[in-house]
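One structure coming up, written as structure tokens, with questions to follow.
Each chain carries a letter (A, B, C and D) given by its place in the written order, and its residues are counted from 1.
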Amino acid sequence: MNVTIWNEYRHEKKNEKVREIYPEGIHAAIASYLGEQGISTKTATLDEPEHGLTDEVLEKTDVLVWWGHIAHDEVEEEIVQKVVQRVLDGMGLIVLHSGHFSKVFKRLMGTSCDLKWREADDKERLWVVNPSHPIVEGIGEYIELPQEEMYGEFFDIPAPDEVVLVSWFTGGEVFRSGCTFKRGNGKIFYFRPGHETYPTYHNKDVLKVIENAVKWAAPSTNKRPVFGNAKPLEAVPQR
Amino acid sequence: MNVTIWNEYRHEKKNEKVREIYPEGIHAAIASYLGEQGISTKTATLDEPEHGLTDEVLEKTDVLVWWGHIAHDEVEEEIVQKVVQRVLDGMGLIVLHSGHFSKVFKRLMGTSCDLKWREADDKERLWVVNPSHPIVEGIGEYIELPQEEMYGEFFDIPAPDEVVLVSWFTGGEVFRSGCTFKRGNGKIFYFRPGHETYPTYHNKDVLKVIENAVKWAAPSTNKRPVFGNAKPLEAVPQR
Amino acid sequence: MNVTIWNEYRHEKKNEKVREIYPEGIHAAIASYLGEQGISTKTATLDEPEHGLTDEVLEKTDVLVWWGHIAHDEVEEEIVQKVVQRVLDGMGLIVLHSGHFSKVFKRLMGTSCDLKWREADDKERLWVVNPSHPIVEGIGEYIELPQEEMYGEFFDIPAPDEVVLVSWFTGGEVFRSGCTFKRGNGKIFYFRPGHETYPTYHNKDVLKVIENAVKWAAPSTNKRPVFGNAKPLEAVPQR
Amino acid sequence: MNVTIWNEYRHEKKNEKVREIYPEGIHAAIASYLGEQGISTKTATLDEPEHGLTDEVLEKTDVLVWWGHIAHDEVEEEIVQKVVQRVLDGMGLIVLHSGHFSKVFKRLMGTSCDLKWREADDKERLWVVNPSHPIVEGIGEYIELPQEEMYGEFFDIPAPDEVVLVSWFTGGEVFRSGCTFKRGNGKIFYFRPGHETYPTYHNKDVLKVIENAVKWAAPSTNKRPVFGNAKPLEAVPQR
């Protein structure tokens, strides 16, 4: 299985606090962990040609992980369309944190994907509400993050196929933090935590969920269904 | 529409604190409110003959509201079966708070319906996660209850058809607090709040949700489908 | 409640067979029926200025019914965006037959919405698989249409919130023919039948489903949730 | 992974036609195939002590496959309760064909599980409506069975978590033929085909679906959540 981790990679370059936490970028932290688990990974970032997502890269990618925040608008329409098409054709997609506002995710959801937020060092608890789901394999009753950005409901997404995790925040909010969707042949997992100023992608439970999600989202070997003008049964037995 | 509010009606008799809040019982508080909204109501309680749920009462009930807690085991099997059958035939069912452990609800869910709990005067916020659902018509972003018993995940229910409300509690938990299910022709709404030592059923938002739920759960006029040995199409045109 | 029925209105103008069935257009047939049920209706068509969907019309529309087929590409992007936004803000949307390929529906679904099809006078049976759903109120076990265009699976849509009707076709196919979705505050119902060369919109069961769907999709009076930067609880009680 | 295939094993003993198709029983045919795929299998039948489902057998079973028809009533309550409990604790369950009326399945669903049926050598086509689901890995657009018993809607089950296959029958009916459910920690798959007088369990696509389902239903290693009286967060930071 080949996983490509895409990162906007801007905060790390201009914010020292972020760079201290992720010296080589959020993508590198995630790729490093997945690599240790024996998963073949590549990374790609916004400022590379074609955002690092050339046809060749996309063609070989089984699951794409996406982190973006301040530069959603800079992602070129042509690349967005290719990524969306690959998802519909079966590529898995893991959307992290502020990726809820990425063009790719909004296009696949059809809604605004808007939500409440607050940067105030809230404590977050992500409660498992679907304990035997493969995405939370090995996770206990909840994941606790001592400090995170708050995301609160109403989260304007279609009803997820499955809600796996629900977050609690100190300041009084809840959030559907781990949600699965299927679009075409592609499996999608939205996973909330990961504000750039906290070491969330060094948390072993968070990384374990990403690893599980990547495995869960692996493409089926099934061909896409044939659409179009169909012939009837050759002969329906007369009754 | 005829609504029957069923209450165990035991706490109110033996606990002065509860009696102060609900002098005539929880059922009477809910019935009084619904009556003011122009809904025809009856009440029924555990210690009446047949628990107040005679064939005649059940036959005329469009929606049944259920509150029980310490005496689930005293509800007779024969009545449980009749109520379950009426739900499958189309009667609406609103299950309140500790009714999650009632025989009727567990029978319809097929799971343990177990959960975490704590009596510690938690503040509760019930967040609306499905804002245009008729059950939350007229409700703002959340309902706040200054003091309630905590119920926490994992709530061992089947995946609800719809999750309408998710609770936040001071002590660190979340809970799927407003959930819809359909079983047979019957519409079911589970609604979490309502511990007997708090004036929850005097809260106007809580009452409004119950009113909305009752209207939403009204039976269809559709007949139950005919099951059994079916004849084929008289003649399938040869192609 | 104000319902606007939108029709491409091209087939009726150039195909005599269609014009015989719907002399004043498909929109007029549906509007006429809904009007008889006491529902306030307007119609709008592709070749009117702004496709008949001016800001004023959209603002006053509670539920929009959409039929389109050969001219999806001619619907202007600006109008598509306004319609999509109105749906997210709460306007109901009933998408009929070949409207599965309309820009509006594809935008809201996020998938290709592709399917199999065949014009061969198949008999169609639409089986009710959710008998107490308000959309099939008054409908028996199935609706039978002696001749229709076939639509077959795989229908490339997100998993519907509810599947209400499933079609059988003589030639050997099945199709999820009545599906509900919610996007933002808007309720959406996709309803399969209605090829222009058959008198499907004169069938009383088909019309009854459209009437039911229109009522089901009526907007909530709830305001849209407030998004953005949120303040925390003023004081979380120390425990 | 250990799979136990349970079969009523009565038809094969008294009906020569069935015995010709399944000389050693339906369970043996399925076990033989799964064994060839490298899956460790056991079989168990109604007339063994404890129906072959002793505590030891159940404890070691990861996924239970269930075929029953004419003797549902003979399955002892004590065994039913143990099987249901094991499912809630995480054991997978694959319910085949007339197992829809088994005590185990009805208990887990909470509904009547009734349906239409006809023995008339209908041709059946099981259409894949969820093509990238692991349960249909390797299956084409549909599975065709030249002769089968018809099962028709309305199938009185709760809304499945996922509908994977929908059947078409010559005589004019449709049926949700492949449905997933989760109850407690246990994954359940209902799979329609398999009337005893047809060689359905020799069909390679049917066997492939059973193999896929068994793998999909494998238990999580997650412990069951701890329920009951919960302590709050030690200290919620004052804000």
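We take it that a residue touches a chain if its C-beta (ideal position, glycine included) is under 8 Å from a C-beta of that chain, and two chains touch if they have at least 3 such contacts.
Treat the numbers as computed from the prediction; the structure is a model and nothing was measured.
Shared contact partners of subunit B and subunit C, listed by label: A, D. Of all the chains, the one whose CA centre sits at the greatest distance from that of subunit A is B. Here C-D and B-D are compared, and the pair linked by more C-beta contacts is B-D. Our note on geometry: subunit C versus subunit D, Cα centroid distance of 36 Å, whole angstroms. The distance from the centre of subunit B to the centre of subunit D, each centre being the mean of the chain's C-alpha atoms, comes to 31 Å.
Subunit B has residues 120, 128, 130-131, 141, 152-154, 159, 161-162, 170-173, 182, 184, 225-226, 232-233, 236-237, 239 in contact with two or more other chains.
Note for the complex: subunit C touches subunit B at residues 90, 120, 123, 128, 130-134, 136-139, 141, 161-162, 170-171, 182, 184-187, 219-222, 224-226, 233, 236-237, 239. Contact residues of subunit B toward subunit A in the complex are 125, 127-131, 141, 152-155, 159, 162-163, 166-169, 172-174, 176, 232-239.
Considering their complex, residues 84, 88, 107-112, 114-118, 120, 122, 150, 152-154, 156, 158-159, 161, 170-173, 181-184, 225-233, 236 of subunit D touch subunit B.
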